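Let me begin by handing over the structure; questions about it come next.
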Amino acid sequence: MTDYQVQSNEVGIFQAAIDNHLPLLIKGPTGCGKTKFVEHMAEKLKRPLYTIACHDDLSASDLVGRHLIGKDGTFWQDGPLTKAVREGGVCYIDEIVEARKDTTVVLHPLSDHRRILPLEKNGEIIEAHKDFVLVVSYNPGYQNLLKGLKPSTKQRFVTLEFDYPKEELEISIVCQQTAIDIKTASQLVGLAREIRNLKDSDINESVSTRLIIYTALMIKNGLSAQDACNHCLILPLTDEQETIEALKRLVNNYF
Amino acid sequence: MTDYQVQSNEVGIFQAAIDNHLPLLIKGPTGCGKTKFVEHMAEKLKRPLYTIACHDDLSASDLVGRHLIGKDGTFWQDGPLTKAVREGGVCYIDEIVEARKDTTVVLHPLSDHRRILPLEKNGEIIEAHKDFVLVVSYNPGYQNLLKGLKPSTKQRFVTLEFDYPKEELEISIVCQQTAIDIKTASQLVGLAREIRNLKDSDINESVSTRLIIYTALMIKNGLSAQDACNHCLILPLTDEQETIEALKRLVNNYF
Amino acid sequence: MTDYQVQSNEVGIFQAAIDNHLPLLIKGPTGCGKTKFVEHMAEKLKRPLYTIACHDDLSASDLVGRHLIGKDGTFWQDGPLTKAVREGGVCYIDEIVEARKDTTVVLHPLSDHRRILPLEKNGEIIEAHKDFVLVVSYNPGYQNLLKGLKPSTKQRFVTLEFDYPKEELEISIVCQQTAIDIKTASQLVGLAREIRNLKDSDINESVSTRLIIYTALMIKNGLSAQDACNHCLILPLTDEQETIEALKRLVNNYF
Amino acid sequence: MTDYQVQSNEVGIFQAAIDNHLPLLIKGPTGCGKTKFVEHMAEKLKRPLYTIACHDDLSASDLVGRHLIGKDGTFWQDGPLTKAVREGGVCYIDEIVEARKDTTVVLHPLSDHRRILPLEKNGEIIEAHKDFVLVVSYNPGYQNLLKGLKPSTKQRFVTLEFDYPKEELEISIVCQQTAIDIKTASQLVGLAREIRNLKDSDINESVSTRLIIYTALMIKNGLSAQDACNHCLILPLTDEQETIEALKRLVNNYF
Amino acid sequence: MTDYQVQSNEVGIFQAAIDNHLPLLIKGPTGCGKTKFVEHMAEKLKRPLYTIACHDDLSASDLVGRHLIGKDGTFWQDGPLTKAVREGGVCYIDEIVEARKDTTVVLHPLSDHRRILPLEKNGEIIEAHKDFVLVVSYNPGYQNLLKGLKPSTKQRFVTLEFDYPKEELEISIVCQQTAIDIKTASQLVGLAREIRNLKDSDINESVSTRLIIYTALMIKNGLSAQDACNHCLILPLTDEQETIEALKRLVNNYF
Amino acid sequence: MTDYQVQSNEVGIFQAAIDNHLPLLIKGPTGCGKTKFVEHMAEKLKRPLYTIACHDDLSASDLVGRHLIGKDGTFWQDGPLTKAVREGGVCYIDEIVEARKDTTVVLHPLSDHRRILPLEKNGEIIEAHKDFVLVVSYNPGYQNLLKGLKPSTKQRFVTLEFDYPKEELEISIVCQQTAIDIKTASQLVGLAREIRNLKDSDINESVSTRLIIYTALMIKNGLSAQDACNHCLILPLTDEQETIEALKRLVNNYF
């Protein structure tokens, strides 16, 4: 099993949604455990997981499949979404707002009562396997006018909201994943939480649990806490010298 | 038969339009039953239904067909529109304003007295089968300067306007589709209707019947009304913490 | 013969233009009979008609032809324009301003004294058949800065201007095409003409003859005049509730 | 021989330029005879003429050539420019500013002392045949910020400036090409010249000689002068009703 | 071994990061030794190095691989990233912010705990070899709104910050790489450092160590210090005559 | 040998740069002899010259090479840059800022100590032949925000700055290349220099030596100085009637 630690009622909601064949949308900041949660549920459900990281140039074809040219002319090759639909797997589409619009519309007939995937390019219409689960995520922090989710898309998903774990939980996650002593873990989490509360800084997204884990790993590896924090917590956050200096002073209050 | 519940004179208008071989345009907000209605009519008419969800990158070729490369060179493959035109099926083009302009123009010769589909790419001109029906839909809520329907397109369609069902009807739809008790259904519909009337919120589209059904299903599944509303009615609507809190308070007035 | 009804001197001008091998440009609003007129003339001249509806993505290749890949490699396939040029047909390019610029320039050597069509892509230069007629249309209502016709294109065409038919003529057209009683036809045309005169409405193009015909057909089919007007005259024109209400009141003055 | 009538010193300049293997640029408004002049010179020189009308989507490949797929894989096919370069023909590139930038740069090594055409796509470098002549034209009236000719392009061409012919010459051209009586021809030319002097109208380019010829042909064909002027001189110039009325009044002063 | 000279704790951080299978991000101005450092570490680790210079049109396929058409139809060809992932090499992606967004997202599953590379185009999922190291670099000087690194990308990398070497070190680098006398090297470095401190000039990036080395090489080659500085230090920095003159005066203070 | 006439220390700098395997950048206005200089040096060095004129659509593939489809599937074809790199030729990339960004980045590994050309598309990495020389040019006059050279590119090149030749030199160039009498040559150069000093005109680039040569050739051919200047010096510079008149008056002061 993955080492996922439950944060709230997310497991129950997820279970209830798939019992009703409803698709899920997970909102949350970067590095707060969205991916790990989906991996955890897929394992729990014993279903294959297909993860797709979206980007500006991800098109419907990358999800659904495309024609390739073989020795006997073109043949159709399923994309990851199509595979999940046929086999009854979990398809996790990460940061969906980054993808091109056509990708989201491809999901419509899959995400309502029809549960079908029309392969327009080769004229097939696939009924989703009963075990097929569709999960998409996005980061409200990025939301912009150009690239929000259309209401007609959002209103098809049972929605979960994730955030960074609570203090105790985050400490135990750091300990468990890095085998670092609880004292250092607590200092690092405390530091991270203080940085997260720096409102009027130029940091446009805050310290993720992932970065705390990086830092702990580097300390375990023999680096000084200052160096580890500098290279794993501070420099990944900002390029502004003033901010860097301010954060270094903050580190010194902890170590 | 699909479990569609008639809302007004839509069935008669639809029938009269196809008796005269006139194409139909259905306006209405997301999740108010446009798709279900078309599925219902196709079943009633015993004609195959081809549904196409439009998007930024949907081109005429996706509707009409394209050349593929086979072992003997290129061959032509009909798209869903072409199939419907040949077989006399119902072609339903959902959210047509999302598609690229060329798609709408392809519909012109099909939607006037000519009833033909010219396949420019392979030089064929198809006379539509007598049973062919063309239905397009769009959501006036999205209309924008860049992507309105051209008058020369709009003025080719008999037009139906859909809205969310009336209170009693919506309650009975929720009961019928979720087997939830009438009391809870009434509370959910009441709540949804109150949210729909929130004028000056940042919600750019309102609670669909679909979301009410989701919520009811989750309650049936054992979730608390609060949780179900939060994950199925509120979070899918907005990312703004203030709005979320306001909507939660609203929920508490009902449950 | 098509049931075209002559409006003015258009037939004579058309004839004089083709006697001199001059191309024609037809200006006019949507649904006023441009297409029917060209069909009528093609029939009268007993020449094949090729109609092309233009759109944002229509390129020169869609008119002229393209290379396809066959079992013996690529072969050239004529487009509709090329066919008309070879056979001496009528090529009608509808709403030419919608097409991409390259399409209009392809027409230049065909529309001046040279009467040739250079197929740049495969190096052939075709002399137009003596019976070849080039007709293009556009709707001045759409004209915009981005997509006007270049003067160097416009100044190659004998130009006809179409408008909605005069009252009596429009009434007789409606009667003839729908077999509705003259009284209702007159009411509908009167109503349409009153709507056309609504200057400061948000309607960016007005009621076409086509919509009047739709309405008459629906009434013949048993719909009430109110319903028919609502679904065929009003809703296709606008999405604004105020305008819709205003137009409904107008309808009530007539029926 | 074409029926070209010399306007000024253009023939001498053209001859001197090609004697020195210098390329030519012809500036001038639409329909003033640029194309006819180049046809005339090509005939005079007994060299094949390749005319290319430029547009937004004309790319270097359309001039130079491209790889096509044949039964034995790809083969190279010369474009019109390449043919002229090999055979020693006249290549006339009309409205070059309309073409994509890459087309103009392809002309650089051809238009300076090197006289070579590098076919980057297939690695060949062609020395221009001694008789090869490069002529490009553009219409300063269109010049815009986005699409001017780069100085590094302009400064490679001996430049000719064309304008509408002088009154007597234009009259004789009209008579010669339409066999109309001199009186009518004079009236038409006088009318055209008066329109050309309408400064503050919304006409963004003025009456070309071509349109005068159209009008004369239509009158010869039996149309009234009013009708002919309306359909061949006025409607091709503008869509504005006010301007149209003003021009009609002007016509009445002449006929 | 490459002639890299250690500047600070970069080697230790690099080692600690790869001991924990963490990816690295190197920030720093142009020509300060980022590339040399990565070459040095790859040699030290005895692992193959794959360097990719990013640009506007670098797409995920250029990193990951693509289908090519062979005599038996399409076959897959690994890109440099895929090769490094399979073989356990070092993949250095230089100036990653210059690349298209999809390239950065391809790195996500490789740069977190999963260490996998999904080849969406051919459906394979590759587990990274234990020795695989991912290093990316970017130049904060260029950072712009359009093309910053997404937080969700940045927060996956242990980050190193490079700058120009300290004075003594830079002098010794110049001597070692050009075999120039220490006196000239010191003058050149002193000059470069003074230019780097010119705040309010129009120079948007400053003299790199690389340019100092160029200058020294040219002097060794017999050029006067003035000429060498002019052609290797000044003209590569700016096109502004005023700035050029100012910098020449500065040079005269040193030579 | 080409008839290049040395202007300053450009030959020595060029030689010193290639002795140290350093790439060169030549700045200068249009038609001042950049191309001739590079041809001259290539001849002097007895190395093949590959010249590439850049434009908006020139991509890395046009420089490096591409896969073509042959009877046995795809094969790789070297581009001009790759040929020069393999054979040890001179690759001259003219007006590099006009090219797409990816082209400049392709040059990075070739223009620093690595001297390699990675062919990402087919996975080969080529070590540059010892005689390979890279020369790029651009025209600071065009520099714009969108299309400047990146500092990380500029700072890789030894830079030469060209300008129009000094008066005496320019006169002798004109005489030598046109065999015109020294008096006329002096008048033409004097005229050109006076035009170059017209600051506040609308001429966005000034008379090149090339245009003076054109003019001299036309005079030799029997044209009057007025005509020659008009067609070769004035009309290529501007479309503004006022400017044209002013320049004609200027010409009359000389002839």
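Per-chain residue numbering starts at 1, and chain names A, B, C, D, E and F are given in the order in which the chains are listed.
In this section, contacts are C-beta pairs under 8 Å (C-beta built on N, C-alpha and C of every residue); 3 or more make two chains touch, one makes a residue touch a chain.
Small disclaimer: the values here were computed from a predicted structure and weren't measured.
K.L.:
Going by the stated contact rule, which chains contact subunit C and subunit F alike?
P.N.:
D
K.L.:
What rotation angle takes the CA atoms of subunit A onto those of subunit E? Round to the nearest 5 degrees.
P.N.:
Nearest-5 rotation angle for the superposition: 60 degrees.
K.L.:
Under the over-half criterion for shared residue numbers, do copies subunit D and subunit F use the same patch or different patches to meet?
P.N.:
Mostly different residues: under half of the interface numbers shared.
K.L.:
Would you kindly say which chain has the C-alpha centre located farthest from the C-alpha centre of subunit B?
P.N.:
F
K.L.:
In angstrom, rounded to a whole number, how far apart do the mean CA points of subunit C and subunit E lie?
P.N.:
Distance between chain centres, rounded to whole Å: 60 Å.
K.L.:
When the centre of a chain is set as the mean of its C-alpha atoms, what distance in Å lies between subunit A and subunit F?
P.N.:
52
K.L.:
Can you check how far apart subunit C and subunit D are, centre to centre, with Cα atoms defining each centre and the answer in Å?
P.N.:
30
K.L.:
Among the residues of subunit A, which ones contact at least 2 other chains?
P.N.:
69, 72
K.L.:
What topology does the chain touch graph have (line, ring, star, complete, other)?
P.N.:
Topology of the interface graph: a ring, with each chain touching two neighbours.
K.L.:
Round the ring, starting at subunit B and heading to subunit C first, what is the chain order?
P.N.:
B, C, D, F, E, A
K.L.:
Which bits of subunit A are touching subunit B when the two form their complex?
P.N.:
9, 12-13, 16-17, 19-20, 22, 25, 27, 59-60, 67, 69, 72-74, 100-102, 104-106, 108-109, 112-114, 118, 120-123, 140, 143, 150-152, 154-161
K.L.:
In the complex, go through subunit F and note every residue touching subunit D.
P.N.:
Per the touch definition, subunit F meets subunit D at residues 30-31, 35-36, 51-58, 62, 68-72, 77-80, 83, 94-95, 98, 139, 141-142, 204-205, 207-208, 210-211, 214, 217-218, 221-223, 227, 231-232, 235-237, 239.
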